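Input: a single structure, listed below in structure tokens.
Chain nomenclature is as follows: A, B, C and D, assigned in order of appearance, with residue numbering initiated at 1 for each chain independently.
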Amino acid sequence: MSPKLITVIAGVGAGTGAAVARRFAAKYPVVLLARKPENYQPLVDEINGAGGKAIGFSADVGDAASIKNAFAKIEEEFGNDVAAAAAVFNASGGFVRKPFLELSEQEFISSVNTSIHGGFYFSQASLPLLLRGVSSSEHAPSLIFTGATASVKSNAGVSGFATGKFGLRALSSSLAKEFGPKGVHVAHAIIDGVIDIPRTKEWMKDAGPDAKIGADAIADAYWHLHTQPKSAFTWEIDIRPFVEKW
Amino acid sequence: MSPKLITVIAGVGAGTGAAVARRFAAKYPVVLLARKPENYQPLVDEINGAGGKAIGFSADVGDAASIKNAFAKIEEEFGNDVAAAAAVFNASGGFVRKPFLELSEQEFISSVNTSIHGGFYFSQASLPLLLRGVSSSEHAPSLIFTGATASVKSNAGVSGFATGKFGLRALSSSLAKEFGPKGVHVAHAIIDGVIDIPRTKEWMKDAGPDAKIGADAIADAYWHLHTQPKSAFTWEIDIRPFVEKW
Amino acid sequence: MSPKLITVIAGVGAGTGAAVARRFAAKYPVVLLARKPENYQPLVDEINGAGGKAIGFSADVGDAASIKNAFAKIEEEFGNDVAAAAAVFNASGGFVRKPFLELSEQEFISSVNTSIHGGFYFSQASLPLLLRGVSSSEHAPSLIFTGATASVKSNAGVSGFATGKFGLRALSSSLAKEFGPKGVHVAHAIIDGVIDIPRTKEWMKDAGPDAKIGADAIADAYWHLHTQPKSAFTWEIDIRPFVEKW
Amino acid sequence: MSPKLITVIAGVGAGTGAAVARRFAAKYPVVLLARKPENYQPLVDEINGAGGKAIGFSADVGDAASIKNAFAKIEEEFGNDVAAAAAVFNASGGFVRKPFLELSEQEFISSVNTSIHGGFYFSQASLPLLLRGVSSSEHAPSLIFTGATASVKSNAGVSGFATGKFGLRALSSSLAKEFGPKGVHVAHAIIDGVIDIPRTKEWMKDAGPDAKIGADAIADAYWHLHTQPKSAFTWEIDIRPFVEKW
């Protein structure tokens, strides 16, 4: 019998992660990783209540032991032949905008730690599951990273965030070239704008409707990436509202 | 009554153009432009025979008068309030690989002429139709340009092709920023690999199946771009076979 | 006897071209090409008066015959074994900022014509002279292209200028890869800011001193590029005032 | 009296760091930082013996306390009003080429640690000295980062090295934009090729002379960057041998 195919998502809050979870839950059991249960539990309940299957584990992506522990729990739950159809790295370090000489070491490093160390731990933990899915998954198993404007443009005052995001982009490119030929589709999405979530409700009100990115539209794009056949993999896609200045 | 919404495709042969035409014909009447009737007529017949609506006109994209003439015929056919849901610029100059000092002026310029002059004439002719479609089209009217590896990488021996493709990419970026806020979605696709068509059948046979890009998968990606909502436009996407070295 | 080594500069006005001419005239006879004698003659007189050697020819870089004619005059003047130590393409099409649908064909094409056709004609005419200089020139013969912000960033309203500049950058990259191994150093400079010349005297007065680029500093950078040894060629360099937002 | 102006170089071995130290020692006292005294002491002796002034301190750039300690020693040596004319970050993590799933955490992180944490600690320690030099230095105080091919291209098998180098490039870009307007020139050099040092003597012997980058030529480029006036700062320069495929 084929191994069970799951989707693992790291970094689930009110925006992209939740929308992606709902989208992929239509086909796969989804595993949600977030720092605190209050970030994933309502979504787990919502998906299970709607007839899908979801489970959440607390994990700190920047901590090697925490990620290992979470993937051990995935094997406990789904068996140690569990395979992944998709893994989505959507974690993001706290965004700090500050003069460089006023940045504490902690402020700079925490962003790097989430994006770069986190990206590394998550990739090393999920790629074996994705490789295991190559023979049984209808769509090429996909490892998708969420980037930002700061993945390709590093402005004054945001050195920590941009350093982490540039680094994560490099990681995704190297993995795309190594694991593409093995049948795993690695992609990187540059999300260039503000996501439309409750926390951003009061932002950009003057810009009119659709000036913030709909998280569902990002989820649609990730699903499109996931369903691309082996003959036509996209590595990088950018997504921004129609009014965005760039 | 709303204006009729059509799709116009410039550059229709056996590969990308034809696949895009079939995909968009499921929703819109398609207008096919190619240098010679033998390039579009079989596809016109196929689409019409399958219950769609297609029409073809001979046009040389690098010639201002020829493009104007083709769009005049579109208005004759569909009325002068015709609107476009999509316009796809898929024309490509002849690819010449040669030492630079052996290139004739004609060889260099013809590639530039197709990509850059052609891109300009086609954009000036189709954007008024796309703008007219903004209020009535379900999906944001889309102007999609087909690029290549040479859109971002200019190697020795292919200066003419790369110069044209870099230039076309610049045009698409400028138009994306100008017409996005007006509701027209401008996108650029970097097709990085060999398309799987009869003419390339004997190429890369050792690389195994799926080593050439399926034109249908490109059409799916273009359709995904077309259906993105205003809050989540992609400007650039790359597409390559999983085995591609890049 | 070694062939005479000259420097040829296309596009000589009050700014970069003139400063580069003065700088290179300290070592080489310089040939200045510009559309009209009033653009090069004062500089020719100045250089000759200061003990250098300069000569000017009228040429329209976007016109194949005009460039051929200018290079024929160079051979008449210096002999048909004349070799070049450097060739600098500093011509730039008129900068037009306008809504795309209001651009005339002429406005769009003229920028493309100067940058792309001009870059092609000038390269084909000067590369044989540069190759001839490889064995006798102290510094690797250098073909240097002047780019702009618009060489890498294509904003709304400047499609013609950016299309030409992106294309010229592609040309320079292809030539760098082809002619580097033959000993000719091809480089591309992104000049990102306003040049400090009489015509721009009233611009940016609030930004303080040094907010506009000194043409002499560009000439120093070009000279540095020219004197790089074969083991350490730079293809691309950007130059901007310290206050520039980018 | 003006503060004393020094140059600080982190990462001094047989190649770039040593050549840069020799070049800058012609005008400034140089402080050399390296992990072990055997990496800097011979150079310190050489420079002092040749009439310059050099001093070395052991420091591990990836360790915050170690860098703080080294800069405390600089103040002990030169006074706590010491200013810097230049600071060069030339440290590089160990280059590991390995399948991603065989990489140990230590192998991946050590490269990130040197490039990103190291770049951060060095920048925070040296920028106050550079800012102090703005009013007294003949040339704009310069913070120069040494990058590599992997700063802009992330290939299969080198994820750790590329992640660190992409991140360092982001840091340098953010600092360039923040500190340029304050008079400090921040630059990033992409060294694309093998440096010609004793350790690489047997490499690429078939490629002929000048196929490896001369460290002195890199030092000349860094010196050129350092002497650029405020009106013409270069952020990024690439350097490669004329035969390099890229």
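The rule we apply is simple: contacts are C-beta pairs under 8 Å (C-beta built on N, C-alpha and C of every residue); 3 or more make two chains touch, one makes a residue touch a chain.
Values in this document were obtained by computation on a predicted structure and should not be read as measured data.
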For chain D, the least number of touch steps when starting out from chain B: 2
Chain whose Cα centroid lies at the greatest distance from that of chain A: C
Interface sides of chain B and chain C: same vs different residues, half threshold: same
Chain C-chain D separation of Cα centroids, rounded to whole Å: 32
Centroid distance [mean C-alpha coordinates] between chain C and chain A, Å: 46
Distance from the mean Cα position of chain D to that of chain A, given in whole angstrom: 34
Residues of chain D whose C-beta touches two or more other chains: 177
Chain-level touch network, classified as line, ring, star, complete or other: ring
Touching chain combinations (by label order): A-B, A-D, B-C, C-D
Interfacial residue positions of chain D with respect to chain C in the complex: 140, 177, 180-181, 183, 185, 196, 210-214, 217-218, 220-221, 224, 228-246
Of chain A, residues touching chain D in the complex: 64, 99-101, 103, 105, 108-109, 112, 116-117, 120-121, 123-124, 127-128, 150, 153-159, 162-171, 173-175, 177-179
